[in-house]
Amino acid sequence: MRNQVSLFVTCMVDQLFPKVGIAMADVLERLGYRVDFPEAQTCCGQPAFNSGYRSEAREVARHFLRTFEKSETIVVPSGSCTAMVAHHYADLFQKEPETLAKVHELEKKIYEFSTFLTDVAGVEDVGARLEEVVTFHDGCHALRELGIQSAPRRLLARVRGLELREMQPAEECCGFGGTFAVKFSELSGAMARTKLEAIVGTGAKAVVSLDPSCLMQIQGAISRAGLNVRTMHLAEVLASR
Amino acid sequence: MSVEFDRKIHLTLADANLQLAVYTATGRLKEKRKEVTAADVLPEYQDLRSQANALKKHTIDNLDHYLEEFERNVQARGGHVVYCKDATEVSDFVLDLAKKRGSKLIVKSKSMTTEEVDLNERLEHHGLEAVETDLGEYILQLAHEKPYHIVAPALHKTRYDVADIFTKELKIERETVPEKLTMIARAVLREKFLKADIGISGANFLIADSGAVTIVENEGNARLTTSTPKIHITVAGIEKLIPRAQDLAVFLKLLARSATGQLLSVYTSFLAGPRRAGEVDGPEEFYVVLVDNGRTKLLPDRGKRQSLYCIRCGACLNTCPVYRKIGGHSFPWVYSGPIGAIITPQFMGPTHEPALPFASSLCGACGEVCPVKIDIPKVLLELRSDVKKAETREKQNRLEKLAFRIFAWVMTRPRVYEMAGRIAASMAPASDGKWLRNVPPPMNMGPVKAWLNDRDLPPSPSKSFRQMWRSR
Amino acid sequence: MSRDNILHKVRTALGRSAGQGVVDVPPVRLQIPAVALEGRIASMRARIEALAGITERVPDMAAAREYVAQAILGKTAVASNSPYLAECGIATLPGVQCGIREVDTLREVCARVDIGISSADYVLSDTGTLVMIASPAEARLVSLLPPAHLAVVPVERILTGLDELFTVLPRPAEQTSSMVLITGPSRTADIEQILVRGVHGPGLLTVVIVG
């Protein structure tokens, strides 16, 4: 039996895409991890932080710190929420040395799902099978704040029956950006349509990403455009057999 | 968001030709930059960025020292340094000098700093002729427009637009071939160069240990501007300093690569004072106008001070998915794109266009390509916080503030959070797993309505993750 | 005007006092790669040709003179006062005006002739760049006003690149009011990003390497 890991499923997965969380738990359990779900968890606070409301973000961050204080390892199905905790919590607590020390402890034990698999669990083949042609969308925060690029691709390469076709460019933003998506909805929508062109250009039948928020944006635009492409979180792909 | 900002974004998005022109042009520049900075082509690229960042940080952190060193060295070579706090002082200085020397015609090479202070308009108002000589800038001067892009100012104009402008303004027969249009401009501007009394240039770098101005360009118009007239005036922001001529080896390798994907621009001029005894040509008088115009306001904040490291390469514009959609003229000031979004609020105050720092998906592409490693996303986040603090002080946008107070309250109370989630889910219409094109009132308001303008909404699952987890 | 006011604002904002020195200046970063002469020549030629410039390598001064004589046949030219051009016998070729030391005459001639002939103080091989230092020998306008620029450079002046240039010449301002690096012919892409050469400076660039 491997170690214990705690899930931080994110508020978006909890409320809108629960199957992603279940898929992630399934994959981790198959690999022999004991998985727990600290029930006090809510949100990482990113919506407030990115909207300029730092004191509100700080309150939510404090709650997060308390909730996961006892966890040894935290796994998150989102690059963006992981980056919020691992990169921006420190900005919030610059003036509170004690909390800052706790933040630095937290930074060491929180992992985005795909890098947890490749770097901590040390696996690339999780025994998944999915007969599908897919393309991969790099979430901006996973790519640029966490430097994640190869881990998800290595995992996808080992899924039986799956063909990965890279879109050009894979690394351009889908236009979600949290409240940006509604404050500048027309612009955000235009960015999503540019992303769709790249996706459709590959001929793939599914778009895979590490971030539920990107997938909500992309699926929302796909559905509006009436395209026959589905979106899948990497966890859902890896849980398939 | 101001009505103006919103309207300009909308109009740009709705203009299919403009969308294609801007997206294609920036895409090409973006790809070229990527090719010449790739690890196998330039293995020292990241090292150069770090060095450039360290040099800029050091210079800005000790700016007064380098300003004075620069000043001493310019004077030692027979040049003059003039400090100007704002637009009026810059134009007063030029007007006064022109009057003393009896000058009528001024040729100008590209300078964003003079755009900042509306120098051309001010000079023309006093009866001087000031002619832009960079082809793109010349086109825009004839069209009475501001630059669309820091590096490629007329990026939004097609050959047909240029043909229309030249036909109307130069009273010539219509010509649409870019080569021929360029040669028409060359002929008109060559006459101006040979007659001009004063040349005004910008500067890419001011070299403290040399008292020198460095100008990077491709056309040769900056060389002409600084060589043919008897008087050369450089107008540059105080942040353009670097310590040593030797540091150019770092900056020149980064600048052209980041801007246009060239290894070096065609012409790099390193100019130190007026023509010297024995030299055959060059200006007789050499002035450097050091402009503040708000820059000193950026210095006190250690986190945001880095905004002054910018070397105006335009790489952040070309890679920015927002700039590539809304173009340069949607931005509220002369600087556009990510760098415009971080310097405009600091020059003009956070409430000048409060929405500006929010017009970003925070994708981080700008920070990744910045040759001097300005952490643009981080500065954007700090500016967002500044805007919200200002709004809170002035009791503006109180509904949003309340919404985020509620957000924080709910998110720190797991049971309330869970209940709120279930209530929201129960209100969502049944959809059989299909994504929703619209929702009934009262849900079709605010953010939900905005989302639904362009995208469908996910259906609410019958159970939240935590409910599923409990029944597992 | 606002000198003292601006310097005061800067110092206040940075928490510095007047006359305070600087510490921890980042060291100069100059790294000169070892590239043999033939490698430098090959790289330089490839770079210039990639920019639509012309290069020619000739064995000696006489051959240089012959090459230039052919290149300017039927055209008018101005030559800089470079001793090297004189030594090659290029300055005295028929059709070449030379020895101009008065600026108005120089302007008039440079604006009229077809070709400007100069030497160069250095050539940077990794970018294909001519380094032109203004002096009694080299005027600025010779390489700028005519529609074509032809530079004749002895092989020993080829450096590897910028790092070597700034090692050889740490403070160019000590010897000139103007150092210009020329990398290819004048160009613009301001209309629809279509490349057009010779917009303001010379549209044709020829570099003759001697030796």
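Order as written gives the chain letters A, B and C; numbering starts at 1 within each chain.
Here, a contact is a pair of C-beta atoms (placed from the backbone, for glycine too) under 8 Å apart; a residue touches a chain by one contact, two chains touch by 3 or more.
Values in this document were obtained by computation on a predicted structure and should not be read as measured data.
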Most extensive contact between chains (C-beta pair count): B-C
From chain C, the most remote chain by mean C-alpha position: A
For chain A paired with chain C, centre-to-centre distance based on mean C-alpha positions, whole Å: 53
Interchain centroid distance [CA atoms averaged], chain B/chain C, Å: 30
Whole-Å gap separating chain A and chain B, where each centre is the average of the chain's CA atoms: 32
Contact set on chain B toward chain A in their complex: 1, 9-10, 13, 23, 321-322, 325-326, 355, 357-365, 367-368, 378, 381, 384-389, 400-401, 404-405, 407-408, 410-412, 414, 417, 421, 424-425, 434-435, 437, 446-447, 450-451, 453-458, 460-461, 463-469, 472
Chain B contact footprint on chain C (complex, rising order): 1-3, 5-7, 9-11, 13-14, 16, 18, 20-22, 24-26, 28-31, 47, 81, 100-103, 106-107, 111, 126-127, 129, 134-136, 139-141, 144, 162-163, 165-167, 170-173, 176-194, 196, 198-202
Residue numbers on chain A that touch chain B, as the complex places them: 9, 11, 13-19, 21-22, 25, 37, 39-43, 45, 47-54, 56-57, 59-60, 62-63, 88, 91, 140-141, 143-145, 171-173, 175-192, 194, 216-217, 219-221, 223-224
Residues of chain B touching chain C in the complex: 21, 25, 28, 44, 48, 51, 54-55, 58, 61-65, 67-68, 73, 77, 82-85, 89, 93, 133-136, 139, 152-155, 157-159, 162, 178-179, 181-182, 185-186, 189-190, 193-194, 207, 209-212, 218-221, 223-224, 227-228, 238, 243-250, 252-253, 260, 262-276, 278-282, 286, 290, 292, 296, 299-300
